[in-house]
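Next come the structures, one after another.
Okay, so subunit A shows up in both of these, paired with subunit B first and subunit C after.
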Partner chain A sequence: MTLAAAAQPATLEPRGTDVESRADPAVLAGVQPPATPTSFVAAARTLISVPWLLALAPAALLFFFFLVPTLIMLSLSVVRSEAIGPHGDITLANYVYLLSSPFYVWAVLRTFIIGISTGVLVVAAAFPVAFFLAHTRSRFRGALIALCLTPLLASVVVRTYGWYIILSNYGLFNETLLSVGAIDARIHFVPSTAAIVVGLVHALLPYGILTIMNSLTAINPNVVRAAQSLGATRLSVFVKIIMPLCIPGIVGGFLLAFTGAISAFATAAILGGPKQETIATLINTFMTGVLDWSLSGALGGILIVSTIAVTALGYWFGVGKARI
Partner chain B sequence: MTDRSDGQKKLGRRDVLKGVAGLTFLTTGMAPTIVSGASDELVVNTMGGELEAMFNAHIIPQFEKKFGVKVHNDASGTSSEDYAKIRASRGSPGFDVACVLNGDQMNTGGNEGLLEKITESNVPNIAHCWHQTQYGAYQCYQFNTLCYDPAHMDAPDSWADYWMPGKRYGDKAKGKLLAWHPVNTLAVYTLIKGAQLAGGGQADMAPVWDLLEKQKPYQGAVARTSPEAIPLFEDGQITMFPYWNARASMYIAEGKRFKMVVPKEGGIVVSNGASVPIGAKNKKLAFEFVNFMLDKEQQRNFCLGYHISPARKDIADWPQWFVDSQITTQAKMSSMEFPDSAIVSRDRPKWTLKWQEVMG
Partner chain C sequence: MSGGVNAARFRPSAWGVLKAVVAIIYLFMLFPVFFTGLASISEGTRAAFPPVGFTLAWWREALEPGWTDPILFSLRISAEASLIALVLGTVLAIALTRYTFPGRNVLVMLTLGPLILPTLVLSVGLLQMFAMLGLSDYVGYGGQLTGYVVISLPFCVRMVAIGISNIPRNVERAASVLGASPWMVQRKIVLPLLKNGLLAGFMFAFIQSFTDSSVSLFLARPGDMPVTIRILGFLDTGFSPTIAAVSMITLILPMVMFAIIDRFGQFGDFIHGDKRHA
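And then the complex of A and B:
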């Protein structure tokens, strides 16, 4: 196939109901003349031609059901919580309390260690799978992609208890190691931070695979062919062409796993313990056990601000690389 | 429908609009019917597992039959989570009766103005109960005991065997005890027993934190709920844990291999019962349900099934095994230790924060 032939698909427009909006008379020639536009179609056209109108409904939804509750939560974090309602002067006492206690500082740091470890491991595990799925010509490709998504079919609680059964003192992992003589005494895998990371990597891997695969399939194969025709080895094509071009996908996969991991509750609650408290499990304790919503609001504030910071950093890094 | 040249009909835009208009009219017209139907329905909140099964076996079907209404059993959440829902919704949590609150939560709910007052006029059966409280009706009582695995350790006889296990059992108890998270009331009452051992009590919990710190090497796991704890015991990870006498004796009767002892210092009684949130949609029926829970027949069947002590004091024909293990007489009730709900509901948040710091 020549380069010109390879570029051909770009000119092949699908023929369908939107054909009347095309200006090309040759394309229009083969279809029935469109009916007189009705008011309904005209309204739809107007809507499509003004993109911000399309964004209005989801924006309103996000405003009322995400932004407003978040602002209420943040406002709770700067007042004292007594009985049912927060009241009194604005204070940073809740933040000072949390950030001056080594226990809570460690919980915040642990949450980010879990998030970063999960993000890195998800990307590392997802990349080879995504690379294979993006390049395979197997007729089972669709089935393989569906297989990668199977962790999403089960409830996170069920999946996590599956890991609990595997990793517990009398679980499959310990029994196997003992039976082959690899260990003399049972290892306490749970509760531990490592167990939380294992559970989260399993839960979030499909997001990493899909994001990276999407990025890999978007790479123009002609660029790779051009490099190879100029004498580039497979390794240098991978390092100098493929990797830089799929950095947005890698960063996206990392960010999806990172944000999912630092806000995860069920996995941290089941596979962790009091020595492995995270921001999410502490928020739950503050809400249900301590009944102090101001402290939960403050922890939520810390979680949101840090997540936005990391996401912004990742966006800048990913987009910056994409421009290169 | 629009006629096509081939004689068939196709769905046109006007047909769709007519359909939408018809559907809108139908749903609008049906709305009053749905709302009126809601008055014959009641949503009660219980708890999952055996407790849910007890409500489904001994209370809900009988209530539905007697009053000709439909009862939905929402078994989600622990009592702490249920109260958090009531609080978050300012008294309109979506259920009409909270069936498994404890006395401390009823007290807090009353102080926060989130629970309806319970009186003899709206729940007449409370007149026959051991105790009454303003913002709920007690249904049953249980107290904290110690459970242990007889295959792995001798029977404990004091709370000291749990709080200072090294003295009695040495290193073999290391990593074998279960500690409860204070989101579970069991943890709070066990901490109080620890404080009492070390010379403190509800008003002075300072001594227990030192005990907790020293107990850490002996803890093999921490649990928030029974479904987390029981598998740990069954697979041998832990061999001793504090537990409510009711569910423990039910499990023993089912053949689970652990045994239960009441330590010589006794246990602390938790009073469980029902409250009606101020925003309940069907208050009349909600009070009827609370009252029905305290009917003689329901009390008897529920308590025998769940191995739990009754709130009513006028039931005399209990089987001997039940009399031996439960609180059925005035003399036994008088000998039991009850927590000071005012202190517990006020200080529990502080104790939870302190527990987290010690354990973290």
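And then the complex of A and C:
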């Protein structure tokens, strides 16, 4: 129901009752279709059906400007990187090169550490807010929901810049702590990996709140009432009913935060600085600085594979389960 | 409104602790925006606390063509991309929600693809594709426009699909029984009922494009540069309160826009769609 619930394609299911609209008009008219149509005829019939005519333009857009570019990038990652253009033999040399250098291995590891910590922290911070928003009867509920979504209107660049103001050497934290006398020397909050995580948690928190709130409000209150009338305590209702039922939301929130964090460029570049390389900042270096499209393709390949793997794992682990 | 269990069933002390925790998290969320706003009107060139003096000099600088040009570019290209994505997303949503057809599941996967795969990767791929086809001249504007349409499309499809599923099918049947042509049913019945879904789709598409910095990272060119990339480039060379003022403008503009759009329709349900139980 939300932008964050994108991990649940259920809304796209056609509604079950419309049998007529689905039936073949030829059958309805009493005309039997040929028993064994040739595959060419079948393909032609498929392509000139109403839904495909509708879907043709958007499908073509997605094919030519999403699928093809992604495949081109992946194909460039398995050829040698002498010049622009796919030529030469297919080789895994780019991946081997990246994964045999401690510098790049560290960048990849750092990226995943950032992704996992961001995901865990987003879920930990989003759950209380989502729980509160799902259950409060305050008349400010609508306003509070809007308030936690307004940060989405600001670009990541803008929000990260705010953290830079707060965390930099002459920023709010250091000036305040110095003037209070809590510290003697300025603390270098930025650049650091921790600062990247703080910025990313802030940027991705609204998605976590939306996803978890969605699964909390979907819990049928009768289930809770049933448990209570059977003598369950408040704690056991929470642990045994509410928590298991919102696992899809929690896993979904983690997935969104993780996949958003491992590919974030602006936050890593502003709050991480040159010493905290991540996959995203390395892609930028290879694309614009070194002009090595094969190595940036290989890094993109690592991002794609890990995103798909973690998403699939998340589906298997939680999103598909626990539906009442 | 509130599904699930209500507040009355919680122990008051536990509920109080929860409220305090939530308040702290809200402070955390609003912290950076607040201090960016403060930095944009204080005289110091670095963000010190308490702020020193009051000045509008940074805002004046932010309203010069050097910054308004990229802001206007962002507004224009985002509006264009959102409109294209909305039209394409609407027909795709109709096809996906109203029909079953061979290849439908593949199409659903393809539609959700841009949501799952990192936008940065799309930017790399688009740049490489345009270069390989010898279309490097079109990278700046065309590349970003296509990239924005691709990343906005899943949101439009989703919002319109929700809107369609809220329309009772019998309303359409009634119209066609009474003699309306299929085209007339779409125009007079479906489209007006779909208004909120379309507005929500446009809104999400616009936010995606306007706040993007990943698609444009490799596709922006001098003259075709959105404000986010301009800020990123500026941050490399140094820190200036002018950027704080520019940041505030890029935050306020879409807020005002949506306050206006909100007057024409309600899309609250699309943002926090409560699944109500009878």
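The rule is short, and it goes like this: the second predicted complex is superposed on the first by the 254 of 324 C-alpha atoms of A that agree within 3 Å, B and C clash if a C-alpha of one lies under 4 Å from a C-alpha of the other, contacts with A are read in each partner's own complex, and residues count from 1 in each chain.
The criterion applied here is as follows: a contact is a pair of C-beta atoms (placed from the backbone, for glycine too) under 8 Å apart; a residue touches a chain by one contact, two chains touch by 3 or more.
All of these numbers come straight from a predicted model, not from anything done at the bench.
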Field: First, second, both or neither for A:Phe103, with subunit B first and subunit C second
entry: first
- prompt: What's your read, subunit B or subunit C touching more residues of subunit A?
  reply: C
Query: Just subunit B (first), just subunit C (second), both, or neither: which does A:Tyr170 touch?
result: both
Field: Contacts of A:Ile90 with subunit B and subunit C, given as first, second, both or neither
entry: neither
Query: Now for A:Ala218: first (subunit B), second (subunit C), both, or neither, which partner does it touch?
result: second
Message: Contacts for A:Pro274 in the overlay, against subunit B (first) and subunit C (second): which applies, first, second, both or neither?
response: first
Message: With both complexes overlaid on chain A, does A:Thr288 touch subunit B (first), subunit C (second), both or neither?
response: both
- prompt: Which residues form the common part of the subunit A surface touched by subunit B and by subunit C?
  reply: 84, 168, 170, 269, 287-288
Field: In the complex, subunit A residues that touch subunit C
entry: 1-3, 6, 9, 11-15, 17-18, 21-22, 46, 49-52, 54-55, 57-59, 61-63, 65-73, 76, 84-86, 125, 128-129, 131-132, 134-137, 141-142, 144-145, 147-166, 168, 170-172, 175-176, 202, 205-206, 210, 213-214, 216-222, 224, 228, 234, 237, 242, 259, 262-263, 265-266, 269-270, 280, 283-284, 287-288, 293, 296-297, 300, 303-304, 307-308, 311
Field: subunit A - residues contacting subunit B, complex
entry: 38, 40, 83-84, 101, 103, 106-107, 168-170, 188, 191, 269, 273-275, 277, 282, 285, 287-292
- prompt: In their shared complex, at which residues does subunit B touch subunit A?
  reply: 13, 78, 80-81, 83-84, 87-88, 90, 108, 111-114, 175, 181-183, 221-222, 224, 235-237, 348-349, 352-353, 356-357, 359-360
Query: Okay, in this complex, where on subunit C does subunit A touch?
result: 1-11, 18-19, 21-22, 25-26, 28-33, 35-36, 39, 46-49, 88-89, 91-104, 107-108, 110-122, 124-129, 131-132, 146-147, 149-150, 153-155, 157-158, 161-162, 165, 169, 204, 207, 210-214, 217-218, 228, 231-232, 235, 239, 243-244, 247, 250-251, 254-255, 258, 268, 270-275, 277
